[in-house]
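Some structures to go through are shown next.
Heads up, the next two complexes both have chain A, just with different partners, chain B and then chain C.
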Partner chain A sequence: MATITCERITKRYGGVVAVDALDLTIRHGEFMVLLGPSGCGKTTTLNMIAGLEEISEGRLLFDDKDVTWQPPHKREVAMVFQSYALYPNKTVRENIAFPLQLRRTPREEITRAVTEVAEQLEIGHLLDRRPSQLSGGQRQRVALGRAIVRKPSVFLMDEPLSNLDATLRLSMRSLIKHLHHRLRATFVYVTHDQAEAMTLADRIAVMKGGLVQQLDTPEGIYARPANTFVAAFLGSPQINLVQGEIAPDGSFARGAFRLALPPGAAQPGRAVTLGLRPEDVGTLAPGLARLEARVDLVSPLGSETHLEVVAGDDVKLTLRVPKEWRAQEGQVIAVGVDPARLHLFDATTDARL
Partner chain B sequence: MAGRPIAPRLGRALLLAVFSALFVLYVAGPVAWLVSSSLQTEAQITAVPPNWLPPELNFGNFDAILNAAERQVTYETRRQGDPATGGFLPSGAANLLPSLWNSLTVGLWVAALNLLLSITAAYAIAVIDFRGRRATLYTVLATRVVPDIALIVPLFLVIRNLGLINTLGALVVTYLAITVPFTIFILISYFEGIPRDLYRAARIDGCGHWRALRHVYLPLSLPALVASLTFAFLTSWNEFVFALVLTQNVAAQTLPIVISGFVMDFTTSFSFVNAAGVIAIIPPVVMAVLFQRYIVSGLTAGAVKG
Partner chain C sequence: MSGALERRPGPRRRPALGYDERNAAILVFPVVAVLLVVAAYPILYSFWVSLHDIVLTRPLRRPFVGFDNYLRIFDDERFWLAVSRTTVYTVVTVAVTTLLAVLVALLLNEAFPGQRILSALLLVPWATPSVVNGLMWKWIYDPTYGLLNALLVQLGLLERYRAWLGDPDLTLLLIANAAVWKQMPLAALLLIVTMKAIPDDLYRAAKVDGANVFQRFIHVTLPALRPGLMLVLVYETMISIRHFDLFLIMTQGGPGDASFTLSWLIYVETFRSLRFGTGAAMSYVLAMATFLLSWALIRWLGKRI
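What follows is the complex of A and B.
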């Protein structure tokens, strides 16, 4: 059992604030992803939870126990690193057994645990090799093995898949998800990859500049981004953000570009940023707002097609449309947009309206 | 390289060979002469033209060293050996074997203690993030800025007031003052070259600082550790000035002091001195051969990172 509570946790390096009064509760058994660009404080937060970085201010609780000043080896957490961090002088077997040896686990039990973990991760045939003789994917499996062999209640993962190629990343991703289902432990996972965050997380904390921008389920964050940063960080291709204002008739306006909004979305005359996800367009139908645009570039991906279009005078948009749509470059198309799926942000604060 | 003409390649090889030979001659020549002359009589080494190789193998010098203790040199017997024919023994000859033992004792103590002290200090400075870490490092380095010769008189006074003059302990302590700062510096560079994530992994896996040092840093630093061990032993083995000032007789004198004493006699037996020299270089050479592959990688590793 482990619920992790960060109470106004702050980390300063000299005058630089890396993490700023972070309040975060990670529930027992939850898969929490800390997502953000590099330098946003996500890894620092993870290291503070691990005990690898001192906490400048605030309190850290595991369940009800204050562990703020506890050294890492007393916290009963396991960690997987981007660099794998396997001990190069030890064999795979010794690497996995090491945490148990340090805890003076009886030898027979260590052998049993190592065999079991190796079987789970399908690395049984590698046990006598050294890390230098393994591929990246195999190394990361060993690193996972070293983490799960102790059966800790908290798993910390620092971009564990970043060094792997795309195919391996996918299979390791599902492996990690299965592990979480099986172990039912608390997972804290740091990544800058939104796809990893979306597929793995129970909840995502999107971070920037040492602050949590939004904390919600993947669906919630995607459907209702709290600000333009979060909106732009999740989704591929990126959300279209257009600066403009609310016209007197209540629609969004930028030059000749107009788009109907749900009634009463914002005060007329207010400066706003409009967010339109590329996939939130479809064929025109009653109840949908009409969006007319000239096709600039067609990028067929096989499963779908991306269109770069120009609407109004200078509004560049990316649209994701079904592969059956046969758009020509230069052609003017009209698509339907559900006003309810549009996002509006304040132009100055960037916060969701 | 297939299309390259042969002539320049040959020329390059030839140049390399010539300069390599010159270099080997420069470095190994004196050692070769030392070994060669130790196996000749005094008359043979002073002959003109010189005998580059011993005309016949003569172990008389070594025999004299090993049995020096039994051959009392007195006023009556001091002329029994004519320097020109060999068999001549300097008055301090009997001190040679005891001083060899002293040198070994001091060297091994220095090598061991040096490592023990430096490892913990280097780990703390390289790995643990504590207040005053930079200042500590610079203080350690600053101690090496003072030339040894400037320390001799104060050191002599300290050692004398402690009543340690003419003891092996005085030499061990003094040599540690020379080797420890330098070793700390080598080890810090090496420790900092070990990926930080390994340290983190070790801490998470359950290591405190002692175990992280033992299970992660030491096994991965073997080259630097062996280099430090060798460095400390050789520094102690070769040291002359401090030993000259801090020791007075056979109880604590080391090999360099005793051997240099042979040259200061009214007559110098070159063959005997050279035989002593051969004995003096055996331990370092054995050590170098044993640890050769570690020393090379250890010193480069330290050098590149430092």
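What follows is the complex of A and C.
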């Protein structure tokens, strides 16, 4: 196991800053997910940790050892790629054995390790096949096998499930989680898929523009997003963000739309962005704020229903309601909102208030 | 109509060619016709010639001799000498061309300042006509004003000018050098194209797995290069085994018989001795040898891809 410490690491490509003075500590045995949209710097960060990209500035420590200038193979890391990166000319057995062969491991030990890994990943029957004869899921298992066979202290995964279909992705996700529990190694996992991040991570670092926007547990990030970007990036359907201001009575106001806020949430007159998660609505009850809206579109999903509604003059909201609610398009509905579950952001800085 | 025999429609016969196939045949026909005239006819005619004793010094008598011309070739000492010269020349040319092409492709596959200009310059020798290439190297090797002599003498590596192409031990190698200079760029280009298709992730995975530069070349680059290498080896073998123009321009088979290759033998037999029958038979033998060698190479390398 290893603690990874990024001390203000920066990556520049010419004048473009891909990662900007990143400070991040990944603890022993932690499952850290770097989450963000394309171009946010998450893969570059992973590559710098792997040693595949030079660090322009800053220091990278594994435990207390400075590995900033160490080549990848000296860092004791293993990496799994989105494209699987299996050697096409080698069989599954040779692919898994390759890192051990390079380390001049005795042949009997290689055979034992490969068999053990193949059993763990249920690919024992595929050992003599070549990658071209495998399905996507099988290839990714082989890639995982090649990574775990040499028992590294750090696993780096670059969107490993992105090329798989939805069903396979779910089963591979569980497999990776089980692997983490069993190996107790440090995992750094890059993805743009919020569901993967939420289900796998001990902690998530949400990135944008080469900067970490928020570093917290999945629950923390979902419940207390640091800014509108983080709020919008996590959650499906997306959080409703409405720009407006604080009315003299302390409620949120945008035109005719009003919503009660917890007392003293913000100074009256201040321009703010209101965040309302689609699922944070329910039947009206004492203590809940009243939200009246006209139903524009009903999308039943079987287990729940999504309503697109218009509140006030022009405030479009998406609400996630129980499937039993029989709303009609054009109907005016009133729902209850717990003011404590509303999010307020500064309209200028987008930071959480 | 009781009792009348009704003709039942039988199962409809599928036309020999479908709509698309018919259109394709119409479009392909002109090319096939041209090929039949300019390729198939000369091939068949030369085969006919190879079965006759045709000597232009007595053009009216051209008796049919069956495979006698072929049998005569194998009894001819000059033929076996030419086979050995051609073998040496082909092996050297193909080996050096392929090796240099791999090195140049590896170099030009890397990003460095001037890489694009160098890639463009690489094509200059390939674009140079064979005759110009032959003359250029003949001048470079020239015993009185050649660049090679001047360079080596000025560097102190040679005491006095020498007739490079007059040295029987060196002639074939020097002609092979001229051939490599012209043929290597295309081979390198073919390999660069193959190299560009190797996913970067494979190299990155190999780096993380602990492979050094040499191991990455052996385990990632070389296996991926096999289709390109096969193309290069087959193409270069086919070209080199039949090379003629450089020999005509640079040495005319000499000095003595030092560069007496199969193509040169065929030329001498056909156009100097005017024995078209044996000349055509030799051409057939050379063509078959080229074909068999290419087939063997494709089978051998194809299994490893």
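List of remarks:
Criterion: the second predicted complex is superposed on the first by the 353 of 353 C-alpha atoms of A that agree within 3 Å, B and C clash if a C-alpha of one lies under 4 Å from a C-alpha of the other, contacts with A are read in each partner's own complex, and residues count from 1 in each chain.
In the analysis below, contacts are C-beta pairs under 8 Å (C-beta built on N, C-alpha and C of every residue); 3 or more make two chains touch, one makes a residue touch a chain.
Just so you know, these numbers come straight off a predicted model, no measurement behind them.
Bringing the complexes onto one copy of chain A puts chain B in a clash with chain C. Once chain A of one complex is fitted onto chain A of the other, the partner contacts of A:Trp325 are absent, as it touches neither chain B nor chain C. Within the superposed three-chain model, A:Leu102 lies in touch with chain B and with chain C [touch as defined at top]. Looking at the shared chain after the overlay, A:Tyr87 reaches both chain B and chain C. When both complexes are overlaid on chain A, the residue A:Leu52 reaches chain B and chain C alike. Residues 47, 50-52, 71-73, 77-79, 81-83, 85, 87-89, 98-99, 102-103, 146, 156 of chain A are contacted both by chain B in one complex and by chain C in the other.
Across the interface of their complex, chain A is touched by residues 199, 201-202, 204-211, 215, 219-220, 223-224 of chain C.
If you check the complex, the residues on chain A that touch chain C are 47, 50-52, 71-73, 77-79, 81-83, 85, 87-90, 98-99, 102-103, 146, 156. Residue ranges on chain B touching chain A, taken from their complex, read 195, 197-198, 200-208, 211, 215-216, 219-220. Every residue of chain A that touches chain B in the complex is listed here, in rising order: 47, 50-52, 71-73, 77-79, 81-83, 85-89, 98-99, 102-103, 146, 156.
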